[in-house]
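Below: one structure, written as structure tokens.
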Amino acid sequence: MSVPRSEDGAPILELRGVTKSFGANQVLHGVDLKVYPGSVTALVGDNGAGKSTLIKSIAGIHPIDSGEFWFDGERVQVTGPRDAAHLGIEVVYQDLALADNLDVVQNMFLGRERTKGAVLDEVSMEQAAKDTLTTLSVRTLKSVRQLVSSLSGGQRQTVAIAKAVLWESKLVILDEPTAALGVAQTRQVLDLVRRLADTGHAVLFITHNMVDVFEVADRVAALYLGRMAADVPISEVDRTQVIELITSGRSGDLGLDQSVFEGA
Amino acid sequence: MSVPRSEDGAPILELRGVTKSFGANQVLHGVDLKVYPGSVTALVGDNGAGKSTLIKSIAGIHPIDSGEFWFDGERVQVTGPRDAAHLGIEVVYQDLALADNLDVVQNMFLGRERTKGAVLDEVSMEQAAKDTLTTLSVRTLKSVRQLVSSLSGGQRQTVAIAKAVLWESKLVILDEPTAALGVAQTRQVLDLVRRLADTGHAVLFITHNMVDVFEVADRVAALYLGRMAADVPISEVDRTQVIELITSGRSGDLGLDQSVFEGA
Amino acid sequence: MASNTVPTSDVEPGESAPSGFENDRSDGTVGGAVRGYLDRLRGGDLGALPAVLGIVVLTALFFSLRPETFLTPLNITNLLIQAAPITLLAMGLVWVLLLGDIDLSAGVVSGVCAAVLAQLLAEVGVPWYIAVLAALLTGAVIGLFTGTLVAMIGIPSFVVTLALFLAFQGVTLRIIGQGGTVPIRDDVIRALTNSYIPVGIGWVLAAAVIVLYAALTLNRWRRQNAEGLTTQPLGIVLARIALIAVVVVGLTAILNADRALSAAIDLQGIPYAIPVVVILLLALTFLLGRTTFGRHVYAVGGNKEAARRAGINVVRIRIMVFVLSSSMAAVSGLVAAARLSSVTPGSGGGNTLLYAVGAAVIGGTSLFGGRGRVRDAVLGGLVIAIIDNGLGLLGVSAYLNYIITGGVLLLAASVDALARRRAAAGRS
Amino acid sequence: MASNTVPTSDVEPGESAPSGFENDRSDGTVGGAVRGYLDRLRGGDLGALPAVLGIVVLTALFFSLRPETFLTPLNITNLLIQAAPITLLAMGLVWVLLLGDIDLSAGVVSGVCAAVLAQLLAEVGVPWYIAVLAALLTGAVIGLFTGTLVAMIGIPSFVVTLALFLAFQGVTLRIIGQGGTVPIRDDVIRALTNSYIPVGIGWVLAAAVIVLYAALTLNRWRRQNAEGLTTQPLGIVLARIALIAVVVVGLTAILNADRALSAAIDLQGIPYAIPVVVILLLALTFLLGRTTFGRHVYAVGGNKEAARRAGINVVRIRIMVFVLSSSMAAVSGLVAAARLSSVTPGSGGGNTLLYAVGAAVIGGTSLFGGRGRVRDAVLGGLVIAIIDNGLGLLGVSAYLNYIITGGVLLLAASVDALARRRAAAGRS
Amino acid sequence: GDDGGSTGGSGGGDAQAEGKVGVILPDTESSPRWESFDRPLLEAAFEEAGVEYDIQNAQGDAQQMQTIANQMITNGATVLAIVNLDNASGAQIQDQAAQQGVATIDYDRLTLGGSAEYYVSFDNTEVGRLQGQGLADCLGDEPANIAFLNGSPDDSNATSFSNGAHEVLDPMTQYTQVAEQAVPGWEPTEALTIFEQMYTQQGGDIQGVLAANDTLANAVIQVLARNNQAGQVPVTGQDASVEGLQNILANRQCMTVYKPAAEEANALAELAIALINGEEDPSIINGESEDPEGDRTVPSVLLDPVTITRDNVSQVVEDGQVSAEDLCTGEYAAACTELGIQ
């Protein structure tokens, strides 16, 4: 839609000092993050570092304990997924969240059904679903009227991704979207991520795959035990540094220093 | 336990002509497969090719329509997961299958609780669970008495893997075990897979990651649309060939030929 | 990671064309559609089959035991009127069950609404339409209350409605108060079950229903076909229209036949309660199957969290479903009151609710949410009414009646379960 | 993919040591344990708190309304006997609910078993222990039947037990005869609720319970501590033992006080039904919490498919749970029959079942399976018995009784729900 | 029914000077009378005599009745009157009361094998006999098919009613008994279906219906009305409820059995007061009843149930059991005028 902007511009989403606990278990410790339109930000971190918790907070699934969200230059309160959707944030969750009793088309249009008058416009939704799935290289799906409960792991993930990219949102967040995908499908999703950014959308992309990070990301943000260890342009780090940031929270000048933990 | 044997020896598990349909949807078409003790067989295939269905058939989750299972040289009937467990087959499923209302220790010992007299031996189970998890490089888990519903995606996967490797089974089947794992954890699992094979166990390993395939596998079996396109030693194929087998079912001399489909 | 394009020409398209969606292109023949249906049955998707089978088997059974009375126009009319209150109640409960919730208070709510109606008519003397409106409003307000407690406060629906089940018994007792029963004398209300549509008008209505159904079905088929989407072959569509026509014409003929037991009297025509049930069935089926609201109800029942993440206002949907269900309970209470021409403190109590839930479940609605249709209530309601009606003709003693009713219910349910189980051999 | 070893020395161990499991090492202080408990509460894990709060609030309420009678030894004894049948029934139902199933027939099963007992005593004249055995066996066989239908044939438990709910009403009616009652004259059976343990023996029993509890708890703590596993600090363990001791001693003192209303009569001692409840509570708690069977029940309730894949014989577990639950229904029927010294065709009917399920749910057991404890039945049963008992003292009219009972249930449930909801602000 | 105040020394030894009466009514469904007649009438009688009282309803549940009895005794009742739900559970309550030194009265239903001091009642078997006779009177000597619609199968009083009716009707050979069913829970909706099916099965060939009470009778009448037979087929009833009386006024019901609740309530109040005051042989005692099971005789106040037909409907109004205002609404006004009811 708009022209791509570099990360020097204003961030579309900015988090300041976000903290979040589950009972006694503090998962996020004052996390700052900036996501820019027209660029792909890779969010990396060890298992259990808090990546999914962070993006669920952005999406309004979890209320946060403290911290600020700024979207498009304004401070916003996100109290539920509906708020996030209204802002123009679309999310593919790691745990997918599909309604198993509905079919592929119904899931893809859930919450945003097309209607003709009061009546659901099944014809147009079915057509649009097929078109989108085709661009994602889905070739083994027998029918778009199949219940998602009967889909393979990769097929489910594709449906979730297709659902998110159907809507031209300002910010697309993808939590390990290629984890269950085959070679060809992964290729399509990476291309899609790049294409989204190139057409001016902001993309936040969680992955454990370093190859993917260095292929599509413009920036990389590393979480270490719930703290943001680094949030830098991809050009400033190499693969070994990113892995160090993930596993130990620091790498050379970058990352957290001991004082952070002692201050806690 | 036993000394490693090469794939020239007798296969521990052999499938002959396994077919399986879900209603009108035929998913497996006469699949043959051999898995050898002391070696890692990578099962690859596109999303929806039928990999998970195949291993669920082996594990007795799905009854098959026709075909034969041979285990350790004998023809066997597997009518449920209990049969598979008795044979010495241990499986990590793609959809994990953990009881969300139980904690990590309880899940890891589910179905094989240790007891002292009639009473559960919680102390020894907790200790064993901790030991196993530690070898899998789990560092962010706060407590082994945490409910698995509160675990991150990668932590859940680790628990499922830990549950399977606790038992020294003859055949270990892993369905995309590293999909949600971080860099370090993936490393540990790959090492573990190799170690299992080197100590004489048979491993059947499903993955979409070609790097992993070529790192740990001794053989590679490629499923294409429910048909076994190739089942060959890793030394006979290269990466491009495997990808071709996955995406088109054939590569040069290898793979299915047109007549297979015409015969159907 | 070379992205190979797949040589589609290599493989035979009919079976495994890798371009996908091959099952979405029907082969357009009736035979293919029938095969598809049998495959679905084998796949465990039994749909209405078990309930329909139950109706057929029970009808055959009672007909063989009481050939001279069971299938007379009089008894069929009785049967339909007997089935109406429970069916209406179940038609509301289906929605609650779709959410994975339960409403134990639905039966007594129907009693409260009927009591409101009766007292307004008897004590205040308002015209019937005001009283009906008030009763429906009472139902809706109760639903709003229940729904709010369940969806906003988050108390499990079982507990909320158990508490309300008790409380509303007291309310009915209070409303009815001295005298113990309130007779209903209003002719319009009583007409619901005690008067009959003139024969001519009955036939016109029947024709209208058939034409409307045919027009809508054919139009839908035409449109889908034009877009090249999944459709059933025209033959099947026409066959369904024919089936509906036969059922409607057959029932109309039976209800329009003279069913008086003595020659002196003239007793014929469709009882007004029947079109009420049919219209509500059509309206609710439309709401559930063809509108956004219905879609969201399924989604909330299938996976609340997924629905929430998709931006659906889960709280609103749940509240609205309880309002709808309690309003249907009110309608059911009205019909039951009309049938008895009076309201007692026990109205809607006893086994009313369990029968209604049983009707929905036997019809095919799942108690765990996400699976069910409005017509399930009608089919299941018929099964239960047939058992009751047939046993009444047999005139067995009370204890046998309990045992046989239970036994038949069990049998009906186990046919269903066994069929699904056989099918499940092919499922996870 | 370099596998860096993590420089553990870099980070402060107490908070985020990357070696994991830090929450498993308790800091060993009482303060820490209390903080942990508060954190768990905030985290939404309320445990027994809402039910205990309910008991306390209701007691305070009724005490303030009827200060001269509510907390007298006589009334407390009455209360405990009143609570016994419903508690016993709920103690069985908890297991069924843990599986995510329901048993609508449990109430009438208790009636059938009581009818068997009564007829064997009255008509056949067998000794009491044979009659009791036969009643328990009847319960077990019924459970086997129900469980088989549910677990092997795969009919939803709601439908099976709805059908059996009807059928068993007929069976009781058959056994007892229309409009009949069978009096129970056997002294041993009647002693359950009408005779009392001699004061001295009562004190010995109380002491035994306390010593046993202390020994088991301390031994467990010692063993866990020795292995360096998660434990509660000794202070907390001792505090819990003290709490149990206070409750047991207090209750024993109250029940051993003379509660006769006229000076001429001598009425004191623990009713025999109380140790029956306590022993079953302890035994079932052990079975559920400390054995493989109990663990598997939780697993099946939490995720049937995961349990199946883990090699658990899901069918067997479900059948056994139904056997257990129906046997407990039989025990409940015995106590209820002893209390009335008679059995009628309506025994176990009416609201019995709903109250028992309500008791389990108010105690904290989930209707969706996987969450619950045996003690929930006791706590919830007490809540319901207190409402009943207190309202009986107030002497309100029938309609108000219904409304107030419903209202109080609702209130109790919403306190729970609101607390959980506040906590859920911190959950997904 | 709440006395509000504290009774002070409820456990005190001298029950002579003061006491408290507890009354437990059985349910709300077998008849509307318990909540709508007995409760207010008893309240009025006790208030007049200046006795403390507590009236509760067991809501059809014997366990509940047991609980209420416990609570009343705890609350210091010195006299307990119960309408038992069945003999054995009633006897249990009375035994327990005796243990605590509380005197008991059987109200309306005699507890066989019980230990009540007194018994106040209409004879339930007699009620059934009146119904049988009433039906026979309406039918006359013509041969007729008759159907029985009995009360709840788990209610022992329903058995007494039907026994009485059979006693009268069984010897009458001109009648053929073509159908007999018990109505679970006295539920009128069930009764409707049950009778509808009887009627259909008999091809409408039913000339008389013995319905156990007015609520069941009304259900029968609805079925008859739908077949344009209301008024042609005599139907019996019980309770003299407004609905039943209106059906009688409109000629749809042939008779009902009236049990003047006021008489019964007053008798109970009088006996209770006598017991509290330690009176021997209250003058109101007019007979005694056999308790074959307990092998004893119980001093009784036995009241006569009255057959009400269209001719003596006015008696019920005159007794004040039903107000003319309630009865003579709308279409019934004319009949009331005709019969001189106001």
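Just so it is clear, A, B, C, D and E label the chains in written order, and each chain counts residues from 1 on its own.
FYI, contacts are C-beta pairs under 8 Å (C-beta built on N, C-alpha and C of every residue); 3 or more make two chains touch, one makes a residue touch a chain.
Given the structure is predicted, the values throughout are model-derived calculations rather than measurements.
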item	value
Chain hops separating subunit D from subunit B, counting only touching neighbours	1
Fewest touching-chain hops separating subunit A from subunit E	2
Shared interface numbering between subunit B and subunit A [over half = same, under half = different]	same
From subunit D, the most remote chain by mean C-alpha position	A
Of all other chains, the one whose Cα centre sits farthest from subunit C	B
CA centroid of subunit A to CA centroid of subunit B, Å	29
Averaged-CA centre spacing for the pair subunit D and subunit A, given as whole angstrom	46
Computed distance of Cα centres, subunit E from subunit B, in Å	75
Distance between the centres, which are taken as Cα means, of subunit C and subunit A, whole angstrom	43
Residue numbers of subunit E (touch at least two other chains)	28, 35, 153, 182
Contacts with two or more other chains, residues of subunit D listed in rising order	1, 3-4, 6, 18, 23, 173, 178, 305, 351, 398-399, 401-402, 428
Residue list for subunit A, restricted to those that touch at least two other chains	22, 25, 61, 138-142, 183-184, 186, 210, 225, 243, 247
Parts of subunit E lying in touch with subunit D, wherever the complex brings them together	1-3, 6-7, 10-11, 13, 25, 28, 35, 39, 54-57, 59-64, 66-68, 70-76, 85-89, 91-92, 95-96, 99-102, 113, 153-159, 182
Touching residues on subunit D, where the partner in the complex is subunit E	66, 68-69, 72, 74-75, 78, 82, 85, 173, 178-184, 194, 260-265, 267, 336, 339-347, 349-352, 388-389, 392-399, 401-402
Subunit B to subunit A touching residues, read off their complex	22, 25, 45-49, 52-53, 94-95, 138-142, 150-155, 158, 176, 179-186, 208, 210, 225, 243, 246-247
Footprint of subunit B on subunit D - complex, ascending	1, 3-4, 6, 18-24, 223-224, 227, 229-230, 290-292, 295-296, 298-299, 301-303, 305-313, 370-371
Subunit C residues touching subunit D - in the complex, by the definition given at the top	104, 149, 153-156, 158-160, 162-171, 173-174, 305, 351, 354, 357-358, 361-362, 366-367, 397-407, 409-410, 413-414, 416-418, 420-421, 424, 428
